[in-house]
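Below, chain A partners chain B and then partners chain C, in two separate complexes.
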Partner chain A sequence: MRRVFARRFRHLELLPIWLLTPAAIVMSVILIWPIAQGILLGFFNTRILNYNAGRYIGLANYEVLLSDPFFWNSLKVTVYYGIASMGCTYVLGLSFALLLNRSLPLRGIVRTIFILPWAVPEVVAVLIFIWMLDAQYGVVNYFLVEAGFLDAPAAWLAQADLAMPALVLITSWHQFPLALLILLAGLQTIPREEYEAAMVDGAGAFSRFIHVTLPGLRSVNVILILILILNSFRRVTMIYAMTGGGPARATETLSILTYNTAFTYQKIGYAAAIGTVLLLILLMFSLVYFFTIIHVRRDA
Partner chain B sequence: MNPRTATMLISAALFVLTLACAAIVFFPYYWMIVSSLEATSLFEWPPRLVPSSITMDAYVRIFTERDVFTWFKNTAFVASTTSIFCTLVAINGGYALSRFRTGSTTAFSIFILFSQLLPATLIVVPLYVIFRQTGLYNSLIGLAIADAAFVLPLATWLMKGFFDRIPVEVEEQAMVDGCTRLGAFYRIVLPLALPGLVVVVAMSFITGWDEFFLARTLISSQSNWVFSVGLTSFETQYAIAWDEMMAAAVVFALPAVLFFLFVQRYLVSGLTSGAVKG
Partner chain C sequence: MASVEFMEIAKSFGQVEAVNDISIAIEDGEFAVLVGPSGCGKSTLLRILAGLERATSGSIRVGGKVVDDLPPKDRDVAMVFQNYALYPQKTVAGNMGFPLQMRGASRSETERKVQETARILGLEDLLKRYPKQLSGGQRQRVAMGRAIIRNPSVFLFDEPLSNLDAKLRVRMRAEIKELQQRLGTTTVYVTHDQIEAITMSDKIVVMRSGRVEQVGSPLDIFDSPVNRFVAGFIGSPAMNFLEGRIVPTDDGPEFRTGSGLNCKLPEDSLRHLGQCASIGIRPEHVDLVEEGADDAFGLRISVVEPTGADTMIIARSGDDELSALIKGRHAFVPGDSIHLKPLPGMLHFFAADGTAVQP
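Entry: the complex of A and B
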């Protein structure tokens, strides 16, 4: 009897390990092992062509990095892009969530139209916008000139000061459905009674939004804002397909700088050091973010 | 004006505003389709918002003069392999996370969270070297394995959520009736989790279908190009054939959009439930 129990107990302990093994192997080989290699490579002067000739150079890559203007430029671009695209995505998502969070005719169809941008592959989204933003024949320039915002068509993707706004536009068009859906789910958890109580107290629509809606979305906001920032810090496909980091490095985030350093300039060791700094930034940011949130919550 | 008319007017105004926003959001889609069908030259100013006449020429040309068939075939292969491989692995992992509370499952959950922080570029640089050394470079199977690994954390997490909704009593009953634990899982629980399984299959298929960055880095020869990589090749030529490019974009986007619409409701509830519970 006792042996049967012991066997069953051991069996139950081993089963989750067996079930997790395939996933653990795949993730170790494709995610963990390269990350470990990447961190290690940061201490080598490896180049892509003579991979095995790379020598250990200690912290030399990091010393170069600290005085590399392109690195500091990328850091600035990353923060700018992260905050701008998060802000635009969030505002679009929240506005549309508020519009959809009421009884509407054709609600199902309208909701589907609002999440369609998310369904299109990133590369396709980028190509549509490159065409729409075309300097000579682009329809966006046509609208802006007709409406009087621009005197003449602008070369959105060729001008350093316009490329980032264009990139933020594409990012928020493609990503706002995620914010919309999460915020819509959040809005639906706010009890109707709270709105009714506010109305009895004579609160107008704006006041209800400030005092009922925003506090009700608080826990959703915490997660959503983190997701949006982390995603934009890690985003590659969209930026790479659209500008490759240009013009004049105006859209070269740390992710793109890592990629370009490795595959265009062929310095994998140095690229790995940049990527490791990005990883550290992501880690630090998440930790600080969560500690601040927990701290603020305790105070409240 | 009495309050009821005022409320109705506000509702009507908001409805019109909603439709206007929907129109703006939909415009890039409209422009892609219109540009692919426009019969006369796209290079005109001002641009024609409604096409003067429509033709399927661009679609015929991309299938006859470009390698669209090859791209389509390669992409379909990569996406299906990614989907099958990822789902098989995610089912088992998701079940373990849903039903057991041990050191290994906790560690794995933490790792899933951590994996959402990893910058893809830092992974890809050494992965490129590893793939070159192991012969997985420039192979569609290798690309599918890499794609599957990148979706796996999310797929496992979604699968766990779907298993969580099935009561444990179902397996207990099956085990009382003589099933083994594993038998109860594969024969009883898995069929019940079929809707969730479909979502994970579709989600990993869409990810494999859309993927660009890994394909751009890990595939070299033109005969192995997937659609996303082929599509950007229109761009590098002297004059961009925008009608052909938009036609190819429609052909490429269509399966992804259809799959997405098919599963969106379930995918969304899986993705948002975690965030909303917070």
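Entry: the complex of A and C
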């Protein structure tokens, strides 16, 4: 009897491993294998037109990279874009989450409307914005000139100092529904009594926001901010469709630099080295994310 | 400190009337308990007083001043919530100091008052902890600390003990009462537990379906309930009710139930009791007597519950059921017959509509 139990128990213990095996095999083939290939490629001087002629050159790609002003520019652009788009997305998301957390008439419909931008494909969103920001026909310039903010229409996407703000704008417009949903879920976990206790204790609306709402969102905030930054570091489609990294590399994030180096300049070995650096940065953020989630779960 | 007056307060949520035409006066320094079954409107009334709800009509005065249009923070009331509503990201000291911080007290003053309040409540060693690191009783004390620290005119308690286990509840009951006596602050306390109401209050307000049934001192309400609802709600174990009528006999008036139980009443009571449709007998007002004694009910025991000091029994005869708390220990066996006699002068009489009839 005991032996039967033992056998069954051992069987049960192994069951999760058996169930995970197919997924693990698929993941290795489509994820780990290419990543390993990519990292390996970083040690070769491979060019895309003559792929097989690549020679092993050790850390030469990384040496070049450290003194490459375009790489350092991209790193700066990536950090700027990451933080600025995260900040704008968060503020937009929180504002609308606070609005939707109140009892509004037609709340369901309003909520659906606010989530719509997220459903628009990135390329479509970019095309719409390119038209809106157009120097000659764009509606944005029209209103800004009419209202007296601008003397003449601005070439938003062609000016080095305007392209990034424009990119941040469209990114936040497209991404804020994600922040809205996560923050709204967070807001709804804060007990009403905490607000009532604060009201009786003498806190006004602003104090309640500072002392009840923000602390109540703390665990959600950490995760949301990490997700937003990670997403912006990885983003290719939107930036590529909008500016391709220009003008004058003003919006060339590390992802775009990797893409351009590989497919425009055809230096795929060097691009792999840049990609590996980006991978390390993302890995660092992912580890922070991972440990934060564990910490938050333990807190709960 | 201040008196509290509810004047013709009514509140509806859409079609639902939560409280209806309530007028209560609570004296300065009094411990008033609003008690009633779930949904009777007692919590709504408290929330209106706190300023968390707005009355549909009527007015509230605190310390003689109308507060209807004041926000909660300007009413000089402090509230303890059922689930404590502590700020989870603040320490015990942070939680207790918060009301002072919001009123612009200096850091040193806040710290001094927090220490002082912590000493009163025995929380000195817990000041650096977070609410999730505290037991239910400790959280309760922190919530009380947050209320008393700014010395408000009125304390409001919304079922503060209902999340605690039975033993802790008894202890906290005494602690709250002691604290209130020491501070002398007017207190409005909401509970559905009639034992809390009787043991803690100077004044009980019994509510049902949004209306006040009776207001009075605990013993007043216990001894002279105005209707069957109050009689059955206040007192534990609950009062027995026997349906029946009073008939005149040669030996004087007699109460008879449908299933044949009867008991003699004082000679002169018949005149007032003509409309009596039921009598109420508290379980502790029943004596165990020998078989054949005058005016005893003959019943059959169905349940025996020894409590250690006393013995509680439930006995039946036909449709009539009587619970009795008999002093001391007895070896009763379910199925045995028993003879019980109500103590003279301890009977309550009720008319068909439930209102009390005075003998």
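Criterion: the second predicted complex is superposed on the first by the 263 of 300 C-alpha atoms of A that agree within 3 Å, B and C clash if a C-alpha of one lies under 4 Å from a C-alpha of the other, contacts with A are read in each partner's own complex, and residues count from 1 in each chain.
We take it that a contact is a pair of C-beta atoms (placed from the backbone, for glycine too) under 8 Å apart; a residue touches a chain by one contact, two chains touch by 3 or more.
If you're wondering where the values come from, they're calculated on a predicted model, not measured in any experiment.
Visitor: When the two structures are laid over each other on chain A, do chain B and chain C clash or fit?
Guide: Partners fit side by side after overlay.
Visitor: Which of the two partners, first being chain B and second being chain C, lies in contact with A:E194: first, second, both, or neither?
Guide: second
Visitor: Have a look at where A:G202 lands relative to chain B and chain C in the superposition and call it first, second, both or neither.
Guide: second
Visitor: Touch check for A:G275: first (chain B), second (chain C), both, or neither?
Guide: It touches chain B, and chain C stays clear.
Visitor: Which partner does A:P215 contact after superposing on A: first (chain B), second (chain C), both, neither?
Guide: Only chain C is touched by A:P215; chain B is not.
Visitor: In the three-chain superposition, say which chain, chain B or chain C, touches more residues of chain A.
Guide: It is B that touches the greater number of chain A residues.
Visitor: Scan A:Y137 for contacts with chain B and chain C and give back first, second, both or neither.
Guide: After superposition on chain A, A:Y137 lies in contact with chain B alone.
Visitor: After the superposition on A, what does A:L224 contact: first (chain B), second (chain C), both or neither?
Guide: In the superposed model, A:L224 contacts chain B only, not chain C.
Visitor: With the two structures laid over each other on chain A, which partner does A:L116 touch: chain B (first), chain C (second), both, or neither?
Guide: After superposition on chain A, A:L116 lies in contact with chain B alone.
Visitor: If you stack the two complexes on chain A, which partner ends up touching A:L99: first (chain B), second (chain C), both, or neither?
Guide: First partner only, chain B.
Visitor: Let me test your reading of the model: by the given contact rule, A:L31 touches which partner, first (chain B), second (chain C), both or neither?
Guide: In the superposition, A:L31 contacts chain B only.
Visitor: In the superposition on the shared chain, how near does any CA atom of chain B get to one of chain C? Answer in angstrom.
Guide: For chain B and chain C in the superposition, the minimum C-alpha gap reads 5 Å.
Visitor: Return the residues of chain A at which the contacts from chain B and from chain C coincide.
Guide: No residue of chain A touches both chain B and chain C.
Visitor: For chain B, which residues count as touching chain A in their complex?
Guide: Touch residues, chain B against chain A: 11, 14-15, 17-19, 21-22, 25-26, 28-29, 31-32, 35, 42-47, 49, 88-90, 92-93, 95-97, 99-100, 102, 104-105, 108, 111, 115-130, 132, 145-146, 148-150, 152-153, 156, 181-182, 209-210, 212-213, 216-217, 228, 231-232, 235, 242, 245-246, 249, 252-253, 256-257, 260-261, 264, 268, 271-276, 278.
Visitor: What residues on chain A touch chain B, complex-wise?
Guide: Result: residues 11-13, 15-17, 19-20, 22-24, 26-27, 29-31, 33-35, 37-38, 41, 48, 51, 95-96, 99-100, 102, 104-105, 110, 112-125, 127-132, 136-139, 142, 146, 173, 178, 181-182, 185-186, 189, 219-220, 222-224, 227, 230, 233-234, 236-237, 240-241, 254-256, 258-259, 262-263, 268, 271-272, 275-276, 278-279, 282-283, 286 of chain A touch chain B.
Visitor: Show me the residue ranges of chain A that touch chain C in the complex, using the header's touch definition.
Guide: Where chain A meets chain C, its residues are 191, 193-194, 196-204, 207, 211-212, 215-216, 218.
Visitor: In the complex of these two chains, what residues of chain C are touching chain A?
Guide: Its residues touching chain A are 50-52, 71-73, 77-79, 81-83, 85-90, 98-99, 102-103, 146, 156.
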